[in-house]
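Right, one structure below, let's go through it.
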Amino acid sequence: MNHSIVYSNVRINESTHSLRFFMESPVHPGQFIMIWAPGIGEIPISFSSVNNPVEITVKIYGEPSKYIANLMPGEKIFYRGPYGRPFTGVTGKKLIIGAGTGIAPLMPLVDNMTSGILSAKTKNDLIFTDRIKNLYVVTDDGTLGIKGFAVDALKQMDINEFDMIYVCGPEIMMKSVYDYLLNKTDRVEFSLERPMKCGIGICDSCSINGIQVCRDGPVFSIKDLKNMDEFGRTRLSFSGKRIYL
Amino acid sequence: MNHSIVYSNVRINESTHSLRFFMESPVHPGQFIMIWAPGIGEIPISFSSVNNPVEITVKIYGEPSKYIANLMPGEKIFYRGPYGRPFTGVTGKKLIIGAGTGIAPLMPLVDNMTSGILSAKTKNDLIFTDRIKNLYVVTDDGTLGIKGFAVDALKQMDINEFDMIYVCGPEIMMKSVYDYLLNKTDRVEFSLERPMKCGIGICDSCSINGIQVCRDGPVFSIKDLKNMDEFGRTRLSFSGKRIYL
Amino acid sequence: MNLNVDIGIKISNPFILASGILDENGYTMKRILENGAAAVVTKSIGTSERQGYNPPIIYENDPVFLNAVGLSNPGIDNFKDEVKIALESGRPVIGSIFGKDAPEFSELAKKMESYGVSAIELNLSCPHVNGYGMEVGSDPDLVYEIVSEVKSRVKIPVFSKLSPNTSNILEEAKAAEKSDALVLINTLKGMEIDIASKKPVLSNVYGGLSGKCIKPVGIRYVYEVKKETGKTVIGVGGIENVNDAIEYIMAGASAVQIGTAIYRHGIKIFNELNSGLIEYMDKNGISNINDMIGVAIA
Amino acid sequence: MNLNVDIGIKISNPFILASGILDENGYTMKRILENGAAAVVTKSIGTSERQGYNPPIIYENDPVFLNAVGLSNPGIDNFKDEVKIALESGRPVIGSIFGKDAPEFSELAKKMESYGVSAIELNLSCPHVNGYGMEVGSDPDLVYEIVSEVKSRVKIPVFSKLSPNTSNILEEAKAAEKSDALVLINTLKGMEIDIASKKPVLSNVYGGLSGKCIKPVGIRYVYEVKKETGKTVIGVGGIENVNDAIEYIMAGASAVQIGTAIYRHGIKIFNELNSGLIEYMDKNGISNINDMIGVAIA
C-alpha cells in the first residue's frame, strides 16, 4: 500500500473536504485512486487537481469518507493507484457539466477557455463555483442560478461553440445530457460513477455491458456509450443484484 | 529452465566430448553452467570456449554426463546459468596449469601469449594439447612429456615471466601448486572444484571456510586462499559428512 | 488441429473463465465468451443475497495477489437473468454454487440447471468465509454427501473445486470422486499487513492468495491427483500465459481456468491463449490437444 | 535501543538463519553468525547418514523458488564437529532434527544438547520426504508424543517447525503446545514442469516452495496462531528485506528466520536487516523491538 502525507485539508462546504498531498506517479485528469482508511474501509476518489500537491475532493457519506475528510496535515494518507483511463485533452473551448461533487474530476480540465454548468440540489451543495470563470449554475430548488437540471442549462447554449464537452455526475443526469447531445456532436466524454470494489477490473461490480468502468473507463466517449445499453438503465448492486435505474 | 540446440559434438578422447551451442547471456572465462539431463540428473560444467557457439567439455563419469556427452547436433541441451565469478583477465604473458579435464575452464584464457602446463595420469587422458602453443606436458606414468606432477614442471620455470598464473584441477594438485607459489607471487588464480548441488550459493555443499565456491568462486586468488584453511585439507561429502583430503 | 476437450461437457478450447472474476454481471460473461473463452464459471452463488466484505477486498503487490470478496452474490433467484444474458453468447456457462450442507447445494444446483447452465461447479474451498467453502470442503464425509446428493439431483455434469489448504489432497479427491471432474486449486489462505498503518490490508484480515505465486502449488495438486486417481482434472492457479497453461495440461489438466491474470492482461488473454496454443501445437507437430494431457506424469 | 528478543533463549537481534540453507558446514554457520545473524538453525539432522536426492535439487524462476534436497545429512554422530566449529563464533546454534517417531527425536535431541546447541528445532514439516516431516507433522497425536518426550529429555528449549500444508493449523499448534516456540512456516509443497522436455524440473518431482511467493501464507499462519494461542512464534517464509521482517513481527513473530533470500542477497542480508531495523525503529521512535511484536493483531 502506498502512502503520502496530507499537505492541506480545506473544508469546502458542510460535508465536503479538499485534501492535497504529493504523489510520485503522474496523474491525468479523469483518473482516480482508491483511498484506504485502515481498519475502516476503502473508496475510490477522483482528483480535483492533478498537479503536485494533487487534490482530491471527498464528500462525507460513510465511515471511510468521514475518516478521509478528517485527515489532518501531517497525517498519513493511504492509497493505491492512480487508476483508469483519463479524459482526452483538447486545446480550445471546453464545456464541463457536473452535478454535485461530480464536478470534482472535471476541475483539472478547467482553464481560461472553459465554461461550466454546475448543478446541485441546493445552493449549499455547490462547490468550486469560484474556480470557473464562465459558470452557469443550476439548482433543483432554485436557491441559486437557474431552477432545474443541468440539461436545462445546456439546452440554452450553442454546443457547436465547444471543442469538447465533459460530463460527470449521477448516471441519470448523464443519461439526460447524453440523450440531448446524441446525434448533435461526437465531441463529448462522460466520466461514469458505478460502485467499485477492486478498482482494477476484476470484481465485475462496476461493469457496464461487459466493460469495466474502473479499468476501461471511467471516461467514455459518447460513441462508446452508444454501444452500452446498460447506460442509464441498469447496473449491479454491491451484492451483485441487478438494479434498474 | 533454459535450453539451446546442440550445434556440434566432438569426441576428443575415449570418454570426453566437447559440445557447442549458442547462448544468449554473455559468458566469461571461469564461469560454469548447470546442465540438466531431464529425468536423469544435473551437473556443473565449465566452458572451454566462451564465444558463441560456446563450448563445454564433459568427461563421462555417471549418468548425467553420459547423457550430455551423447547429445547430438539438433537436440535440445537444458541448462541454467552461467554462474560464478570469472578469472581476472590480463594482457601479457599467462601461464595456465591444468590437470586432466581441469584444463577445460582454462582454455578460454589461451591466446598466443599463453604457456601451459598440462598434466594427466596417462597420455590418453590429455586433451587440448593442440590448442596451446607453448605447452609443457606432464604425465603420472611418463607416457608423454615429463613423468611426474604439474608442480614438477612448474618448478623448472621462471614464474616471474608471467603476468598471471591460472590453475585448475583436483584440489590436492592445486594445493601443491599453491604451496610452491605461496610467498613467491600474488598473481595466481585457482578455479576450485567441489561437489555442487544448487550452484547458486544456498545448499552449502561446495563451501570452503564459509565461502560458497559456486557463488563467490569458483575462481579465487592465492590471497583469498590464504584465509581458507579448509583448502587442500577438508570438505563435505554429498551427504554433508566431513572428509579429510 | 483439434482444440476440443471433454471435461464432462465438450468445450471448443481448454480455456475457461475461473469463478470469482468478472462473472457476476451477465453482460460481462457474455463478452468474455465472445472473446475466446470456451466457457465461463459464474461467481459462486448461494441461496440468498449476500453483501460480502467491505473494501479493501483485494490487495496487489506483484507477485502477491490477495482477495477476500466474501462470497458476495445476489442470491440464486436473482441470478437467473444473468445466466440468461451470458447464454446469449451460445457458449456454455458453468454455475458455481456454495452452501453449508447437501440440501442447500442440491437446491442451488437444481435451480442453476433450470437456468440452462451446462455444468455445476461446487465451491468446496473458499478460504475466507466461516461456515462455507474450505470449512465444508475439509470434512470428507460432508463432501461425499454433498457430491452424492447433487449428482443424484441434476442431470448435468458436476465439478468439485477443492482446496489447496489441506494436508491430504487425495483424501479430498476421494471424497469427491463421484464428481465428473475435479477443479484444482482454489486460492491459498493468506494475508498481508501494511507496516506503515500496522493493519491487515484486507478488511476481512484473511484472504485468498492467487496468481503466479500459487502456480507451483496448483501444478503439484493437478499432477498428484491425476497421477493417483486418473480422474478428469481442470487446472487453475497462476496461469498467466500459454506456457503456464501447457504446463498444467502436461501435469494432467484437461482444461484450465484463468482468473487473476485478467488483472494484468485483460480479457484479451483468452484470444492470446488460443493463438498461443495453436502456434505451440503447430511448431511441435501436435494435432490434438488431448495428446498433451498428462504427458509429464512419470 | 533494544533489539534483544526472548524465544526461550535470549538472542541479540531477531534475525536467525533458517534450517536448510548454508548450515551443513560448521565454517559456514560460523561465518554467518559472525556476520549479523543472532543464531543459526542447523540443517535437519537424522540418526544416520543420508544422501538426499540427486540434483536438480533446486529450481529458480523468479518469483518461484523450489527445493527438494531430501534431508541429506551426515547423521547425528558426524555432525558433532560442525556444531563445535559453529560455536566458535560465541553465538547460539539451534539444532534442527528429523525422525520418524518420539524415540528417534529424543535420541537426536539429547545428542544435539550434548554438542552444546542452545535449543532444538523439531522438523515436523519437510514436505518432500516420505515417512518424515509433513507425514509425521500431520498426525496430531504423534506430534504431541514427540514434543512431550523431547521436552522431558532435554533441558534446553524446544521449537516445533510446523507445516503450512494443512487444513487446520490450530490443531497442529495445539498438538505442539508444549514447545517453547512454534516456527511458522516450512515450505509449501509444489512442483514445476519444464514444457520443452515435458519433465518435472526437480529429480524428486515434488519440492518445497519458498521465498516471496509464500510470504502471505506465512504472515497468515503467524498472525492466526499468535492471535489464537498467544504462544511464542518464530516467523519464516519469504523475508527478503527489513519491511518483510517487520511485517512478520507485527503479525506476532518474536523473531524471524531467513533462508531463500540469501540466494538473491547473499550472507550480507543479516547485517542489512540489522541496520534496516535500527533505522526503522529510530525513525519511528521505537526503543524496544518487543513493543512491535503482534501490534497488527486486532
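Going by the order they are written in, the chains are A, B, C and D; count residues from 1 in each one.
Just so it is clear, contacts are C-beta pairs under 8 Å (C-beta built on N, C-alpha and C of every residue); 3 or more make two chains touch, one makes a residue touch a chain.
On a predicted model such as this, the values are computed, not experimentally measured, just so you know.
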Hypothetical removal of chain D, resulting connected chain groups: A, C | B
Gap in Å, rounded to a whole number, between the CA centres of chain D and chain B: 36
Chain A and chain D: spacing of chain centres that average the CA atoms, whole Å: 51
Chain A-chain B separation of Cα centroids, rounded to whole Å: 67
Shared interface positions of chain A, touching two or more other chains: 39
Residues of chain C whose C-beta touches two or more other chains: 198-199, 298
Chains that touch, pairwise: A-C, B-D, C-D
Complex interface listing, chain C residues touching chain D: 63-64, 66, 134, 138, 163, 165-168, 188-193, 195, 198-200, 205-206, 209, 212-217, 219-220, 223-224, 243, 246-247, 250-251, 295-296, 298
Chain B residues touching chain D - in the complex, by the definition given at the top: 1, 3, 34, 36, 38-39, 41-43, 76, 78, 80, 197-205, 207-212, 215, 230, 236-242
In the complex, chain D residues that touch chain B: 21-25, 27-28, 30-32, 43, 49-52, 54-60, 67, 69, 72-75, 78-79, 81-82, 194, 196-199, 201, 203, 259-260, 262-263, 266
